[in-house]
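Next come two complexes, and both contain subunit A; in the first it sits with subunit B, in the second with subunit C.
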Partner chain A sequence: MADTTPKSNGAGEPIITVRNMGKSFDDFVALRDVTLDVNRSEVLCLIGPSGSGKSTLLRCLNFLEAYDAGEVRLDGELIGWQEGVSPRKARSSGTLRKQRQHIGMVFQQFNLWPHMTALENVAEALIQVKGMGKAAACEKAQAALAKVHLSDKAQSYPANLSGGQQQRVAIARAIAMEPRVMLFDEPTSALDPELVGEVLAVMKEMAAEGMTMVVVTHEMGFAAHVADRVAFLDAGRLVTCAPPADIFAREPDDARVRSFLQTYRERNVV
Partner chain B sequence: MNFSFDVIWHNLPYLLAAARWTLLISVAGMAISIVWGVFLCAARISKNRLLANVAALYISFFRGVPLLVQLLMAYYMLPYVGLDLPAIAAAILAVGLCSAAYTAEILRGALQAIPAGQTEAAHALGIPGFSLWKRILVPQAIRIGLPSLVNELILLVKVSSLASVVGIGELTRISQNITGQTYRPLEIYIAAAAIYFLINLVISGLGRLAEKRLQAG
Partner chain C sequence: MELDLFVRYGPALIRGFGVTILCWAAGSLGGLVLGFVIACLYRWSIAPVRWVIYAYVEVIRGTPFMIQLFILYYGGPYVGLVLSPVQAGILSFIVYGSPYFSEIFRSGFNAVPKGQVEAARCVGMAEATILRRIVLPQMLVPITPPLTNFFIILTKETAILSVVTVPELLYETQTMAAETFTYVEPFLVLSLFYWLMVIGTNWLGGRVEARVTRHLKRA
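Right after this comes the complex of A and B.
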């Protein structure tokens, strides 16, 4: 993709900075005091038991959930809230939309629009958000579908695609916007086991091309082999964030990480 | 007394003339039902509590009171508040305002049937609210709600017969009048039934056509 920074250039410096971020739902504290950097061209996997807050953390990064403490910045720009305004005031919907354009997101349930073909799903935001003409948008959408190896399914409706194909269309829909970061919320959890591989393969290719990716996943194999770093969350706290070798290879220092990974070890996943 | 096609034949011009009133009430009622129904639905799901409550109250009133009573209220009560409407206007208004309550609920149900994730995906891409409604929510709501909407429109044609109680010479009323003069209820009501049936056949045909077109694209 055109404006994706290649791995050799600018890699390693933070693109997303999360500082002391917290999020509560009424009385329930979903996240507390999370501080985390996502570096350019890095693949960061978020793992942890269900209910640990990893999906909430991901959704705070593009303000689909409004975090209520601390800050999230993309390339230095505060996401969602107006800069320096207290008490907090959300940015205008127009500004929020501009910020979100740079953050692609892929959902567990794909969330394709069923009344549109694969091509139309991908082209829609190019037309409505980027203001591209229909022909140019379709050409670009076609190229995005080629990246996820679905050129031949451009005219298919979601209902006629397998789960794996639908998720790849959803990935194409996000990357067509040329985001600076891609967020994945359990992208393979809704898939039949035999369809998981094709989605992970596409994600690996994106990682190899230098896309910055934050991935909430239960695929420990993917986390172990593709991630640059793995963050482990438990009960709304960031327990540790380290290279996968530290987390998976030897006995991890933290007891919570150890017991979490134990269930996967028993099934020979890692 | 034998069944006589002649009776139908002789009275057909009067029945067809009366059917024009039936059509007028139906078509004007449908227009009010759909336009007002869209507004009601928008109000009902709005985040403004007051607006949502007013719409909910409106809907439960118009669904909860017999249309015949509403019609008589529109005809006899509106003059008291200074709205002296001709009978035909009162009938159209009553039928349309009542049907709008059902249309609003059909649309609301259809919107709720669209998974929230689709809206979330649009937000994540930065798609503006107007485009979200125009391109993603409304087209699907219409498709999901279409069979029920067609049902509602057919119902509306049939309840237009209630306008006979406020003295409008629509199909049912004229059929009664002709029957009173000719003493041939069987022929006249069969003819009237056939006319209602044909009107609704056209509506359901149009509905099927619309469903097909929506499915295609």
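Right after this comes the complex of A and C.
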């Protein structure tokens, strides 16, 4: 069931390594002892019941949440915390910004900047962060918008775009920075059902081009058909991480996976 | 109506109007800037600084403007701060307006969704850039109406400056009234001047509002 599109070279070795990672909010333990690799050019879907820690795990990968135990590394570099310093000390804001430039993120609520046109949303970071000239940035932003099939909406403000279009602009904003990995936090959960398809189609195209993607999703169809591996979380723990064929098998080994997928089966989603 | 009175006192009234506009413009713009600085400090500084700011805001908001003006003008010299009436008027206006402005800015900061800032952080934007490019332009949408409103309120607060002999509009009008024993006409003219300021400010606020909300228009 996994997508059989050939991946670009360098596929296979891990690009993100998560080791014994944990995160607590006061007394609440959101994540404990998570160990996980994301391979280059892989699509990894994170699934699980709400409150299981999927989004928190994703947000720890780019240090939007500061994990408080274990390690997250991108290409071997420790994310967020200074290397080998105990007790932990956060990296300088400049270093953190550099690290984040390599990690694109797409949010459930799109989070486009409403006072900027689609083109300006995409070009903003190219100008302000990468220091590109306005003309060059706009040209690159146009190319990114073309990738998400929105060339004709470049001059529209977010208020005049549908949810699906807004999310595709948000994807263009992230890919224009040429990140090494892309994180998606429930990218289709805020969309009307008829708009989900256009966003998933763009994500499939990115996957086919070899983008490394970590996707928190409730779209079991996407997880089953596009993901290379699916990780199931429950109560802050990584229960299993396996190819979708195993996870979505008629009788998954783990009882928690079974009961979680039951509700989807009842709706004939997988 | 004794029109010749206005020929005689016209120049003084116009001068007074000029002083009123000067005190209002300098005082409220200064208050706007100070209020913004206060709101930023409150948001991004350590707890002791926040307590000081909190106390400042509460004290200034909790006391009448006239008292603040008296303390600054008559009390200032005791600590070596000797000010002309106009200087005292402008400075006290800045102090008086700043906590109100800072509260408006504070509500503006809170009105910008957290996700907007997170999205900017995710593409590696620096905090100062986020403030300038993302947060400020967006908070202008909810805060422009209350800012306009407060500027309008301040136009009329300038009248209080007459108590420390700032030669502003009310002061000149009172002089005219006292010297000529006419009371109705001068104060009608006075009202007209304030009304001009208010509609001018209101018009300007409307223009700013149209400018900062243009992205919300349906195409």
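Going forward, the second predicted complex is superposed on the first by the 263 of 270 C-alpha atoms of A that agree within 3 Å, B and C clash if a C-alpha of one lies under 4 Å from a C-alpha of the other, contacts with A are read in each partner's own complex, and residues count from 1 in each chain.
Rule of thumb we're sticking to: contacts are C-beta pairs under 8 Å (C-beta built on N, C-alpha and C of every residue); 3 or more make two chains touch, one makes a residue touch a chain.
Keep in mind that what you see is a predicted model, and the values were worked out from it rather than measured.
Mind checking the superposed model to see whether subunit B and subunit C fit together on subunit A or clash?
Subunit B and subunit C clash in the superposed model.
For A:Phe107 in the superposed arrangement: first (subunit B), second (subunit C), both or neither?
In the superposed model, A:Phe107 contacts both subunit B and subunit C.
Is A:Arg229 contacted by the first partner subunit B, the second partner subunit C, both or neither?
Neither partner.
Just to be sure I read the superposition right, which of the two partners does A:Arg168 touch: subunit B = first, subunit C = second, or both, or neither?
neither
When the two structures are overlaid on chain A, which partner does A:Asn62 contact: first (subunit B), second (subunit C), both, or neither?
The answer is both, since A:Asn62 touches subunit B and subunit C.
After lining up the shared chain so the two structures overlap, which partner does A:Asn160 touch, if you call subunit B first and subunit C second: first, second, both or neither?
second
Classify the contacts of A:Arg256 with the two partner chains as first (subunit B alone), second (subunit C alone), both, or neither.
neither
Pick one for A:Ala125: touches subunit B only (first), subunit C only (second), both, or neither.
Touch partners of A:Ala125: subunit B and subunit C.
State which residues of subunit A lie in both footprints, the one left by subunit B and the one left by subunit C.
In subunit A, residues 62, 64, 93-94, 97-98, 100-101, 103-105, 107, 109, 111-115, 124-125, 128-129, 170, 173-174, 177 are touched by subunit B and also by subunit C.
Quick check: in the complex, which residue numbers of subunit C touch subunit A?
It comes out as residues 113, 115-116, 118-127, 129, 133-134, 137-138, 141, 212, 215-219.
Please name which positions on subunit A make contact with subunit C in the complex.
Result: residues 62, 64, 93-94, 97-98, 100-101, 103-105, 107, 109, 111-117, 124-125, 128-129, 156-160, 170, 173-174, 177 of subunit A touch subunit C.
Can you check the complex and tell me which residues of subunit B touch subunit A?
These residues of subunit B touch subunit A: 115, 117-118, 120-129, 131, 135-136, 139-140, 143, 214.
Which of the residues in subunit A come into contact with subunit B in the complex?
Where subunit A meets subunit B, its residues are 62, 64, 93-94, 96-101, 103-105, 107, 109-115, 124-125, 128-129, 170, 173-174, 177.
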